[in-house]
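The next part holds the structures, each set out as structure tokens.
Shared chain: subunit A. Partners: subunit B in the first complex, subunit C in the second.
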Partner chain A sequence: MSFLPYAVAAWVCLVGLYGIVTSRNLIHLALCLTVMQSSTYLLLLAIGYVKGGGPPIFKGVKLGTTSVDPVVQALTLTDIVVSVTVIALILALALDVHKQAGTVDPDEVREMSG
Partner chain B sequence: MTRRVRIGIFLPALAGLAALLVWAYTGIPAFGDYQGPYGFVVTKLATPLRHMDNAVNSVTYDIRGIDTMGEEFILFGAVIGVVLLLRGEEGRTEDVHDDTGSDLVRVFGTLAIGAVVLVGLWVVAFGFVTPGGGFQGGVAVASGALLLYLAAGYREWAAFGNESILDPIKGIGGGGYAVIGLAALVGGMPFLTNFFHGGVTGSVFSGGSAAFVNWSAGIEVAAALVILFSEFLEEYIVPLAKGS
Partner chain C sequence: MTWALPLPVVIPLIAAALCTAGDHVLPRRLGDAIGVVGAAGAFAFSLVILVASEEHTRLTWFGGWTPRGHAAIGIAFVADPLGAGVAALATGLALASMLYSWSFLRHAARPYDSLMLLFGGAMAGFALAGDIFNMFVWFELMGVAAYALAGFEIKHVGPIQGAINFAVSNTVGAYMILTGIALLYARTGALNLAQIGHSLAGHKPDGLVIVALTLLVCGFLIKAAIAPFHLWLADAHAVAPAPVCALFSGVMVVIGLLGVTRCYWTVFDASLAPQAHDVRAVLVALGIFTAVLGAVMAFLQRHLKRLLAYSTISHMGIALVAIALLDEKSLGGAASLLLAHGLLKASLFLCCGILLVRFDAIDELRLHGKGRALPLVGLMFGLGAIALAGVPYVGTYLGHAQIDEGATLDGIDWVQPLLMIAAGVSSAAILRAGARIFLGWGPARDPLLSPEPPESAPERSASMPALLAVTGTLLVLGLVVSVAPGLGQRIEQAAGRARDRIAYVDRVLRDHERPAPPRPPVAVEPTTTDSVLYGIGGTLIAVGLALAGLYRRRLPELVRAPLRSALGPPLQVLRLAHSGVVGDYVAWITVGTAVVGGLWALLLRG
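Up next, the complex of A and B:
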């Protein structure tokens, strides 16, 4: 009985959110979003862990060997890909904000008009 | 709202969220006490039914292939967004002189391109046998392509990393996925049905038509990452060219 992986997932989520709200730099903010999203990888993989289970890859392994849940691992893969693409989009937006407003501090770009 | 007020409102909310997370996580099964059933079903069926040793990729490209198609389109949409934001400002980039000075870096860097791309293709090809697959291998192939910029310089890179080459490749990757799904429809089966059941389990030729899905994901991811890199690189190069 261990809840440590869940505790770590919750901690990473909260730390990332704190970073997003208190951020003074859009690039730092994007990285904090990545940190927050990493908590979902931890949570998914922790949920799918089977005690004593091996990796869900059966090359050279007897069929029926206990393994961890492959479904959540596939979801984690999806999660990582989406995270990377969204970060790329946010960084492109940050570059654009810097061109328009001359700053990447979210507090200073607020007065910017469309 | 000033920064202090914002943080003053945020901290109690953060404490509330923390309490909710603790409440939620103490209500789910303990770590290692997995209840199933889907994970157990997939691990029992992936090899005998789908001829795939890698159960993770049997979910990604076959059993829940339609979800991965949604993910491919998210990737596609995000890259289009980046391109719309960043593409456009053209400069006389032929004036840029950032070629690698060292012959040693040029020679071994160029050799490394081949090695890295080969490893990437190998990771894609054996996606249903060993850990790997289209997404992972595609990233490796893309990083091999980026070595061209590191090993040679911008002008050599620009000959390959331009939109007239990359955009069609990306389209083939993303569109190919949907075409394989539609091919099943033409044959009277549900969308994205795995229609070449079989192949040889544990070889490159395993996984049926999902192997093509895997390859189209690999092509899409590799092209998407190279496009992203070339757009961000242009943001760096164009001002450099103006300054020179």
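Up next, the complex of A and C:
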């Protein structure tokens, strides 16, 4: 098993984190969050990969055919569904910030600190 | 009995769907009634499960997919008394908050009831889940409902900012948890908690296990608001409506600590038991840091909900110390503390809601002396504040006493004075605010306190008796936790069972029930003299410091000048660290996770 997908997953995660930390735009920030989330897809799919395995669809396939792990694919799908709601919510909130304050820069709408 | 296990989750989800579907069709009050009935049903069944679980751990496999040959292929709900207790706290507080909102948020937008039901139901699901990915799903559902509830009153930009900080920090935490789950699955091929633990048992911890431990623990600690992962909590509380705050502080943060407890005792204990002292060292340090930091920050606030939120952070730190001691007594202490704290803190937030309705303000200085018109609310506020300090045999005292006992047995008796000081200081902050508002003591100006954005009342014509009834009920329940006969012993028994990994594996994978434990005596256990002294100490600190906060200008300049120069700069640094910018929060989360993981990597691999 190659280490490449794991290295890419770690890299994508860090890129997303860097984006979130340095973001000056809430829309950009939400997208960085999805970048970070993509690393979890990569990791999950890499974990379930089996060399030479087919897709985990067993209809009309001979018993004992190698396939990749269907569980991680189910996890990935669940993860996508759950996270879409979160991102949609954050984008909706960003829209509201823009309506109220006329900016989407988190540094400029700072009302609370200390 | 097993048929009842899914009900605390299923009932609120169905009720939430009905509320949403009936929107615009049903009369307003009928929709609200469906919500309240749903919450009440969830609470009732949580209590049924709690009572049943005290005898045997209850288990149900969805769709009848029972384990084959020690491999769990289905998804299970497992109710042990600790999990069922948290589910009951979650659904109970959700019910109380919805009853309060009946009058407090009468004209709130329609999704409010549905969101509250989803929030409560998801927390119950998390507490009962026996599968780590299932825990993640409930965790996210609970999160989404909570983000939406935090940003509910979109009249100012402040609430939106608080909701965004909350959503982003916690979503980063959720991805950390998911990555940890993926790593555990890669190692063990299992998602069921019992089976993961069973597969890890007896193997020395390697890099993968340590990374998974770090990601899962830190991810849950974000939700539990443990420093340096706590920064979002005060923002979220400052902006959420009072009944939502009651749920956030009362039980949502507890869910984070339950996640840590559950993962450690069902999964990681299998591999880390020989090096438990290293796990303990790091978590105890985090807990003490949080307890002190939260208490100090609470003392610097004038926005009541923010003040209470920082006090919650301090109490979470105390509870983390207790959980991290990794013994039965202390874990029971954490549970008792969190139960009393949840009820008391919820009632304090509801008091704030009453102040907001009555005076359209939630700022300690702006409310100076106004509370004299509401003596009953003042009494409740004062009682709630002092009961959080650990006065002997009141409120959180039982938890403190159990933690004292556990820490003494572990030979770590230097933690109790620190926890006493933290509890005293955060209580002092609440008492000071209460004295200023309800008694009119102290000056109406105080440059020490952080200014905050104003907040307007959602409902000026709320029915006061209804609000008072809900608040008072929670307060009384919180006050009597320490003297409820037999409660302490039962909680300890529950903690002992939550720690018993072998019994858990036997129950879940082999369907082997342990004989029912002996029923604990129905009596109030006497506590040690040390505990009583710590309780009195905490109370004195609370009262003394509250007075000092109000009347510090009367202290001689000889005392004030050195204090000012010694405390001023560090407090300034603390304030700057709580910057209100979400990027900074995530940076702190990253640094905190790296430090915790690094320490564990050094200690556990050695």
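As a convention for this text, the second predicted complex is superposed on the first by the 109 of 114 C-alpha atoms of A that agree within 3 Å, B and C clash if a C-alpha of one lies under 4 Å from a C-alpha of the other, contacts with A are read in each partner's own complex, and residues count from 1 in each chain.
Everything below uses one rule, namely that contacts are C-beta pairs under 8 Å (C-beta built on N, C-alpha and C of every residue); 3 or more make two chains touch, one makes a residue touch a chain.
These numbers were taken from a predicted model, which means no experiment stands behind them.
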Requested in this report: Look at A:72 in the shared chain and tell me whether it touches subunit B only, subunit C only, both, or neither; answer first, second, both or neither.
Outcome: both
Query raised in the report: Taking the superposition as given, does A:5 touch the first partner, subunit B, the second, subunit C, both, or neither?
Result: first
Query raised in the report: What's your read, subunit B or subunit C touching more residues of subunit A?
Result: B
**Report entry** Partner chain in contact with A:17 - subunit B first, subunit C second, else both or neither
**Finding:** both
Query raised in the report: Does the superposition put A:89 against subunit B (first), subunit C (second), both, or neither?
Result: both
Query raised in the report: Thinking of the overlay built on chain A, is A:64 touched by subunit B (first), by subunit C (second), by both, or by neither?
Result: first
Query raised in the report: Which holds for A:44: it touches subunit B only (first), subunit C only (second), both, or neither?
Result: second
Query raised in the report: Looking at the overlay, does A:100 come into contact with subunit B only (first), subunit C only (second), both, or neither?
Result: second
Report task. Kindly classify A:109 by the partners it touches after superposition: subunit B alone (first), subunit C alone (second), both, or neither? Result -> second
Report task. Based on the superposed arrangement, let me know which partner A:27 touches: subunit B (first), subunit C (second), both, or neither? Result -> neither
Report task. Go through subunit A and flag every residue that touches subunit B in one model and subunit C in the other. Result -> 13, 17, 21-22, 47, 71-72, 78, 82, 85-86, 89, 93, 96, 107
Query raised in the report: Which of the residues in subunit A come into contact with subunit B in the complex?
Result: 1-7, 9-10, 13-14, 17-18, 21-22, 46-53, 55-59, 63-64, 67-74, 77-78, 81-82, 85-86, 88-89, 91-93, 95-96, 107
Query - Residues on subunit B engaged by subunit A in the complex (per definition of touch) - result: 3, 6-7, 10, 14, 17-18, 21-22, 25-26, 28-34, 36, 38-40, 42-44, 46-48, 53-60, 64, 67-68, 71, 74-75, 78-79, 81-82, 85-86, 129-131, 133, 135, 202, 221, 224, 228, 231-232, 235
Query - subunit A to subunit C touching residues, read off their complex - result: 13, 17, 20-23, 26, 29, 33, 36-37, 39-40, 43-44, 47, 71-72, 75, 78-79, 82-83, 85-86, 89-90, 93-94, 96-97, 100-101, 106-107, 109-114
Report summary line: Touching subunit A in the complex, subunit C uses residues 133, 137, 140-141, 143-144, 147-148, 151, 154, 156-158, 160-164, 167-168, 171-172, 174-175, 178-179, 181-183, 185-186, 191, 234-235, 238-239, 300, 306, 450, 452-453, 575-576, 578-584, 586-587, 590
